[in-house]
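Here is the structure we will look at.
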Amino acid sequence: MIKVGIIGATGYAGAELVRILTGHKDTRIVWYGSRSYIEQKYADIYRNMFQIVDTKCLDDNMEELAGKADVIFTATPQGFCASVINEDILSKTKIVDLSADFRIKDVEVYEKWYGIEHKSPQFIKEAVYGLCEVNREQIRTARLVANPGCYTTCSILTAYPLAKEGIIDMNTLIVDAKSGTSGAGRGAKVPNLFCEVNENIKAYGVASHRHTPEIEEQLGYASGEKTVINFTPHLVPMNRGILATEYASLKKDVTAEDVKAVYDKYYKDELFIRILDEGVCPETRWVEGSNYVDIGFKLDKRTNRIIMMGAIDNLVKGAAGQAVQNMNLMFGLPEEEGLRLVPVFP
Amino acid sequence: MIKVGIIGATGYAGAELVRILTGHKDTRIVWYGSRSYIEQKYADIYRNMFQIVDTKCLDDNMEELAGKADVIFTATPQGFCASVINEDILSKTKIVDLSADFRIKDVEVYEKWYGIEHKSPQFIKEAVYGLCEVNREQIRTARLVANPGCYTTCSILTAYPLAKEGIIDMNTLIVDAKSGTSGAGRGAKVPNLFCEVNENIKAYGVASHRHTPEIEEQLGYASGEKTVINFTPHLVPMNRGILATEYASLKKDVTAEDVKAVYDKYYKDELFIRILDEGVCPETRWVEGSNYVDIGFKLDKRTNRIIMMGAIDNLVKGAAGQAVQNMNLMFGLPEEEGLRLVPVFP
Amino acid sequence: MIKVGIIGATGYAGAELVRILTGHKDTRIVWYGSRSYIEQKYADIYRNMFQIVDTKCLDDNMEELAGKADVIFTATPQGFCASVINEDILSKTKIVDLSADFRIKDVEVYEKWYGIEHKSPQFIKEAVYGLCEVNREQIRTARLVANPGCYTTCSILTAYPLAKEGIIDMNTLIVDAKSGTSGAGRGAKVPNLFCEVNENIKAYGVASHRHTPEIEEQLGYASGEKTVINFTPHLVPMNRGILATEYASLKKDVTAEDVKAVYDKYYKDELFIRILDEGVCPETRWVEGSNYVDIGFKLDKRTNRIIMMGAIDNLVKGAAGQAVQNMNLMFGLPEEEGLRLVPVFP
Amino acid sequence: MIKVGIIGATGYAGAELVRILTGHKDTRIVWYGSRSYIEQKYADIYRNMFQIVDTKCLDDNMEELAGKADVIFTATPQGFCASVINEDILSKTKIVDLSADFRIKDVEVYEKWYGIEHKSPQFIKEAVYGLCEVNREQIRTARLVANPGCYTTCSILTAYPLAKEGIIDMNTLIVDAKSGTSGAGRGAKVPNLFCEVNENIKAYGVASHRHTPEIEEQLGYASGEKTVINFTPHLVPMNRGILATEYASLKKDVTAEDVKAVYDKYYKDELFIRILDEGVCPETRWVEGSNYVDIGFKLDKRTNRIIMMGAIDNLVKGAAGQAVQNMNLMFGLPEEEGLRLVPVFP
């Protein structure tokens, strides 16, 4: 039994970790960390867990937790993990960090986009970027995994094979993404109130959203070129789901069959990536509650562009599901253990 | 491996059966019946099942299906099951009927409220009303189970212990129920369009809804008295969930502890019924996607009434989940097999 | 031109006052009071008002405001109006208080249900309860109007004629009410976040909601009997709208025509009350954005009860619209000035 | 008093015409045409109009209607207006066609994208494209106005000044648009059911949506260049609103002030177009129920692109509101008559 500690267990991503791990046969949660709800029963905060989880929330003492857990998930705001991590902790336990602290290899880029000083740059190099389908082998042996962001997971996986194979002109890539509101977190802020989000759609963080450099770095590795993109997130009045609509000019004269073959080359054996039949557009409802990434595309001969579309559940493949997938890899478990979640519809 | 046939597999309840049975380790679905989509791939209708279910829809030939399946779920409109069932079929297979055809023992009551002739009244007596927590033993040996309605499951279980113990005056019982829109089915009707349901709440079927006599019959058995109630359903702009708010005058001078003890007497060992702590109101979000019934109550000394509240997921405990629970009982499997579904939130 | 001051102009009710008064030909808003946003442009908070309202928010200095405005709307939390009102202010200006401070005549009842001390009980007697269709004449000459609550407006008007005419047994009255989320206000609280409200329905304040004594007092006046009711509010995932479903036993043997005649007796000439045709249930969508109250009913011979249903827009007839209707009466304007708002659907 | 006939009065756009014209002081609706509801009371279909509209639905006899109405709005499916229009009708009445029949000047382009034969190509040249802010003068004298599509109104107006002034490279223009569900119409179709749309976002009509050539034609006129774009519509779980997020490479080295000046040059005096302050993103909630177009933009020096964003209410500026604005122009009325609708929030 793998002993799991969660820091930030009462955020939406943390709660999704609890939901998924409750159905994981090889793990036991030993620490429900939540600075805001110390000493309160976890099931009083998330009443779906009534009679399922019978324990109280603890603080975020990583030192103590490192001695008790085989793996720690930090589902915490930017800067937390970097501020507490040290060699002693890493010598005792593995860490899957759901924040951005160790995703970006260039510390200056991190500090510029996030506006905070990185407190543990010495671990950045060691950290493995936990996009399982791309970095599977390095993850297996990692002590510290940087779990990718929700928008980034969707945006990267949707374009990755075409970037890798040089099919698309990376300088033309535009990612127009749409997210459910759980991505905004559980903080009590006026813009996230029901009446402010419902019956509305808006863009935000235009040309400045923090997931931009993460997408650029990873697609840069894939394409072998410096990649600078437009990334525009939008807030959608729904709980879960991200849809990324991506546009790029074609560098080669390809048919739909060619493109399909490229996707299949990379994803055919991936359990959690489903390449849709031609002409089928992914929809967030079809992946809700599951770890799937659904990908579709359309060639437009009129503009010589390809429109790629990817859909995920932001809390599963975009956060907790991928974190568990990473944990499975790190501990030599079947990668899909605990993640055979059938999408819930309607 | 139990071979399962589903008639009506592309309705919302049928699709939920597919979702649940996909995670059930002792069953295999051998027949996805759907009159509307014959010969189409099931996963083309419910794309969440892409790469999970790889088969086509079939017709609703019960005779043929009876020879192939150990159990048939009929998730069909009123009248269908009664019109096709016969001794030959029942001699070959078990049936869990999700329609109302065999729920009401008095055929005249059925015909009056449903406005159709009952085509197989000879099987009404044999049919067991599949409210598992109440009729568990009879269900184990049944050939034909009448799976309760969604509103009725919630309404009955919420009041049952107090009716049984004579705590409440049955003549004063009022059930004000609120349902998500999946309860209205997947038929293409204007009143169920997004723009018609969204940003709205309404009552419907006031003093005439078909679930009324079913609640009355079962609570009549529980209380030992003829029970005539007001039942008012409302349509809520959400996908899933039923909340029943029930009012009744108290026949005895009871404390909250007394009432809690009565609920515990009947439900303490029930895995799927959760009696909430005092002062906690059930909410549909805490049971979404699961087979739980959450029940809370409040005594009002000012009016000498008790307000009972129950919440279920209408597609799970209110339809497919309870149907599988019935199947498990009928086949001697652990009652919760396939049903340890953790509620999904948010 | 009537000069209007609004205290609490950036809450949802205050903002609705701004919207309505923008279309009122006899008023001019001279004071947008908002303690939280002093010195900020009003249109930066409510961007729908961009290029419509071009002024900044001010504080809540009632003394100063009284010298500048002909009428003040206090759309503020409980206790504010009572804590600042005095004879000097009332000698200079009229007040329509949208809080509960002056709704309840018995100060002990107020203090018990609201849990705060009433700071100006000397004005309670003078204050007129601003339910326009009931207290029209007194409102015309009032200096201080207590604008009714949203739930109460809907609950009272739906039952009022039957209470007044002795048709229903007041001891059996049960009000099961459902409200959109704008009724919860614009405060940044976790329970009102989008993901907490969406895809959910719950009861709250069961047997203890503060609107209860207000309904009881007014229906007590109507029926001439002490009235004690059950009132249960529910939170619905929609922005606007209240639906009250009310149950009562009949004291007389009446037909639907009789009941219709009673409603017509009181409401036939009321512009803002629409008695629906028999069998038609009110729905919140049909009154959204308007000052209408839609009322329907159903007799149930089986239980000898009547089910009455009323629907309003909680921000209009339940708050700002009724406040403007009161103002119109107080200033001798046509009662419907500024309120001929056609419901917006979808 | 201008006598107005509406064909298609029970669709969402038709109903919005009714709502708006109800508040228009110079018009009277003489014909509520609705093939599906002939002889039914209009207020029985749209109950928001109870006691406001007291008349029955009529058929779609344009010949007869032409003799009775000064102007006819055809809020009908593609092909209807073209199939019934003739010189006799146009000699008696003016027509504002809300369908696509007369929007596209090249009949071959129309027939290719819409897949139907154009039955009255002889009137295409005469028809004026009713984008009021662009073609105001021609509209004043038109007999036949082709009211622009919802997506197109938003997409064109958002980019128009920059296209006209040669700021953006038209070959790089990408329009990623998001629409509320009322844009899908009131037809009873499974994909538009509440449970299918709610909690979901999807793209549709990728690289093939019929509004594409309309946008291309108009922006081609503006830029003076043949314009071929990518246009991708998405369906959002909300009733109303369109947000267009548009991307284009810059042809000139411009500052935000330069761009703002360009927008101001064209729109400063336009009542219904609001250019937002720098850094402010338009949101559909701020224009809901109104005829406004809110436009914002962001320069991205990293990619040398501009991101333009526009928001409208698809039923108002995207359909009925603009149709009334066109009517006002055609009859020499103040352009904003009946259209001073303050956006409704929340």
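A, B, C and D label the chains in the order they appear, each numbered from 1.
The criterion applied here is as follows: a contact is a pair of C-beta atoms (placed from the backbone, for glycine too) under 8 Å apart; a residue touches a chain by one contact, two chains touch by 3 or more.
Note that the coordinates shown come from a computational prediction; the quantities given were computed from them, not determined experimentally.
With steps allowed only between chains in touch, the distance from subunit A over to subunit C comes to 1. When the interfaces B-D and B-C are ranked by C-beta pairs in contact, the top one is B-C. Averaging Cα coordinates per chain places subunit B and subunit C 38 Å apart.
For the pair subunit C and subunit D, the distance between C-alpha centroids works out to 37 Å. With centres taken as mean Cα positions, subunit D sits 46 Å from subunit B. Multi-chain contact residues, meaning those touching two or more other chains, occur in subunit B at positions 12, 182, 195-196, 198-199, 237-240, 283, 285, 288, 346. Listing the residues of subunit B that touch subunit C in their complex gives 174, 176, 178, 180, 195-196, 198-204, 206-207, 228-230, 232, 234, 236-241, 243, 245, 247, 281-285, 288, 298-300, 302-303, 305, 307, 309, 346.
Every residue of subunit B that touches subunit A in the complex is listed here, in rising order: 12, 15, 19, 22-23, 46-52, 182, 199, 239-240, 274, 276, 280, 283, 285-290, 294, 340, 342-346. Put simply, subunit B touches subunit D in their complex at residues 12, 181-182, 186, 188-190, 192-199, 237-239.
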